[in-house]
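This report concerns only the one structure given below.
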Amino acid sequence: MNKGRLEAFSDGVIAIIITIMVLEIKVPGGETLTTLKPLIPKFVSYILSFVYVGIYWNNHHHLMHAVKKVSGQMLWANLNFLFWLSLFPVAAGWMGENHFALWPVVVYGVVLFLAAVSYTILVMVIEKTEGENSLVVNAIGNDSKGKISLLFYVAGVALSFINPWFGVTFYFIVACIWFIPDRRIEQAMRQQNTIDEKH
Amino acid sequence: MNKGRLEAFSDGVIAIIITIMVLEIKVPGGETLTTLKPLIPKFVSYILSFVYVGIYWNNHHHLMHAVKKVSGQMLWANLNFLFWLSLFPVAAGWMGENHFALWPVVVYGVVLFLAAVSYTILVMVIEKTEGENSLVVNAIGNDSKGKISLLFYVAGVALSFINPWFGVTFYFIVACIWFIPDRRIEQAMRQQNTIDEKH
Amino acid sequence: MNKGRLEAFSDGVIAIIITIMVLEIKVPGGETLTTLKPLIPKFVSYILSFVYVGIYWNNHHHLMHAVKKVSGQMLWANLNFLFWLSLFPVAAGWMGENHFALWPVVVYGVVLFLAAVSYTILVMVIEKTEGENSLVVNAIGNDSKGKISLLFYVAGVALSFINPWFGVTFYFIVACIWFIPDRRIEQAMRQQNTIDEKH
Amino acid sequence: MNKGRLEAFSDGVIAIIITIMVLEIKVPGGETLTTLKPLIPKFVSYILSFVYVGIYWNNHHHLMHAVKKVSGQMLWANLNFLFWLSLFPVAAGWMGENHFALWPVVVYGVVLFLAAVSYTILVMVIEKTEGENSLVVNAIGNDSKGKISLLFYVAGVALSFINPWFGVTFYFIVACIWFIPDRRIEQAMRQQNTIDEKH
């Protein structure tokens, strides 16, 4: 099967998701600077979501790079991941429109959580297909970063009921953790190359 | 001719269709959880349609993989298929907006039916171009799965006049039938490889 | 320079144009079949425009296939062509919304005409870059098909002032003329291959 | 790492940005020619923005062509650039909707300025990764064109407070300066080829 087409399709969907999020920022009604003011929370929500989708694209890019065989299960796990990612624009729009109120922040966190779960499933399916001792398994390891993220999302959602800004802060922290692309795969690949050259 | 560009264009269109469907789920008006309630049928409609477009992408992916020569007729049969696929967002939106009422469910079924017919035409054009004994012909065979789907769509549309949920159930069953990607092609390719290796 | 990226970008833009046209068909307000009635002219306009964009994609596909060197001028001629193509959705939407009234039909014809002119410019720039005796020059020849189209657009726009349906008919005839993809290039390539094999 | 996928993703995002800008030109309400009149400033704004995005795509095309190694930093600098580019549709729509009034013109200029800054950062990151004596460093040199652009944007924004049309004129001049694609890279590549051939 063809890895290239899976990457191209995923890139297409992610490119569209990251771009249609900006459509939630509607052209303001007046021509004065004050008419931009209601757009500020939407803009903050857009930046956060843009960074999130960017992180996922980066990690997806690294993950797929390590894939050797594409299986039918992988295609579906990938589509499942893209499905949850596709809910980012509407969740981000709702959160921005309502100035980071309780329920929009909670729902945004749930969408982030489910996207992270679906990404974890994708990684697991790939690891199963590629087999032990594969590049992906060596690179991801026990995936402590992924597990911490899931914990932080749950904490963020829970703490939002005290104050929604706690939730936003936790989501922001996860973004910071992931901001650094998955160097583990890069490192594993370099090691693999070194091993290959020795033989 | 260039198969890669046909795949890339189809991937682009399918990626856009699958993503703009989410635009039918408008950002809700209020900030409470109850304002999400009217979105539930739209969300269900979105999931069903996402799975459908995902199935078509998967099968298209497998089908194109088996293609060796691209003809002018194939380009048009492919565009015809993409045309019917492009009606999914508006049909799904109408069905979700009206809580699976009679006519929206019927029209959705008709669009599903015509998309399936156009896909069958695409397969037939490819089989004709590739010739007998080709990979595609061996793989698809008499296409019983495709014929059953067409029958189920007709049944679903007809039974909707008794209760629209019968229709939705039938559409859902077809999705389940196709959920498993077209392993027939995968199998045929493996056999082909075995034969090639023997010679 | 990289022909692949020019093709990929053009495919992306054309894929988006062909798909966002469907967004002009808004989800109808009611749940009865009669609420679909106002969509019929929009749907007809969508079909006509889909076929047009499909024809351009097909011909662009063939044209680029014959290109050997990509120049800076070619990039701009290509962007100019994509610009006029990008006006199809709004022109088609206006024509459909107003049930093929005079001015929408005239403006649609003018957009078709200017897209055709920009495509002709693209062909000329490519012919100039590729040089005489190139594949493209042999294939396109004196481009009688392109010249007839321009004439028919002008005629269609003019006759719309008697009755807009004359205009629509003329636009439809041009679509029929071009429906057959540019076999001239296919033929020229086959001849080229035959010549290459002889040497 | 894979340069192809970075290019494909950037092309996807840029293709979507350049195309969704046209969605700001809404289908006019009436069927007479006069209903098109309010669209004129939007159309002018669309043309200017289309040319800008086209210029960036062209230069990005040339820049990436000279890249040999893709680093994690490069991915983020590229995403940052795409972020600012994604604000063009809403900024252009606001400017067009308000007939080039003061604040929309100022904000448009600020977006242009920040996109230019983010592009400069991308160039700097690439130059750092590729190292001295690389193709990119030789080609871009001290980037006088980029520095002049930044200056013109600042001047345009400042002069808008006297008359917004001064601002628009300055933005237009920058577009003219860049209209000619970055031939410096093309020249440097040709020289490189000549050097390579000599050895």
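So that you can tell them apart, the chains are marked A, B, C and D in the order they are listed, and the count of residues begins at 1 in each.
Following the convention adopted for this analysis, contacts are C-beta pairs under 8 Å (C-beta built on N, C-alpha and C of every residue); 3 or more make two chains touch, one makes a residue touch a chain.
Please read all numbers here as calculations on a predicted model, not as lab measurements.
Colleague: Residue numbers at the chain C-chain D interface: does the shared fraction exceed half, giving same, or fall under half, giving different?
Modeller: different
Colleague: Given a C-alpha superposition of chain A onto chain D, how large is the rotation in degrees, taken in steps of 5?
Modeller: 90
Colleague: With centres defined as the mean of C-alpha atoms, identify the chain lying farthest from chain A.
Modeller: C
Colleague: Averaged over CA atoms, how far is the centre of chain B from the centre of chain C? Could you give it in whole Å?
Modeller: Each chain reduced to its C-alpha mean, chain B and chain C end up 27 Å apart.
Colleague: Which residue numbers or ranges of chain A touch two or more of the other chains?
Modeller: Residues 8, 12, 16, 20, 23 of chain A touch two or more partner chains.
Colleague: Write out the stretch or stretches of chain A touching chain B in their complex.
Modeller: Within the complex, chain A touches chain B at residues 1-2, 5-6, 8-9, 12-13, 16-17, 20, 23-24, 72, 75-76, 79, 82-83, 86-87, 89-90, 93-94, 97-98, 101-104, 107.
Colleague: For the complex, give me every residue of chain A touching chain D.
Modeller: Residues of chain A touching chain D: 7-8, 11-12, 14-16, 18-20, 22-23, 25-28, 30-33, 36, 47, 50, 54, 57-58, 61, 65, 179-181, 183, 186.
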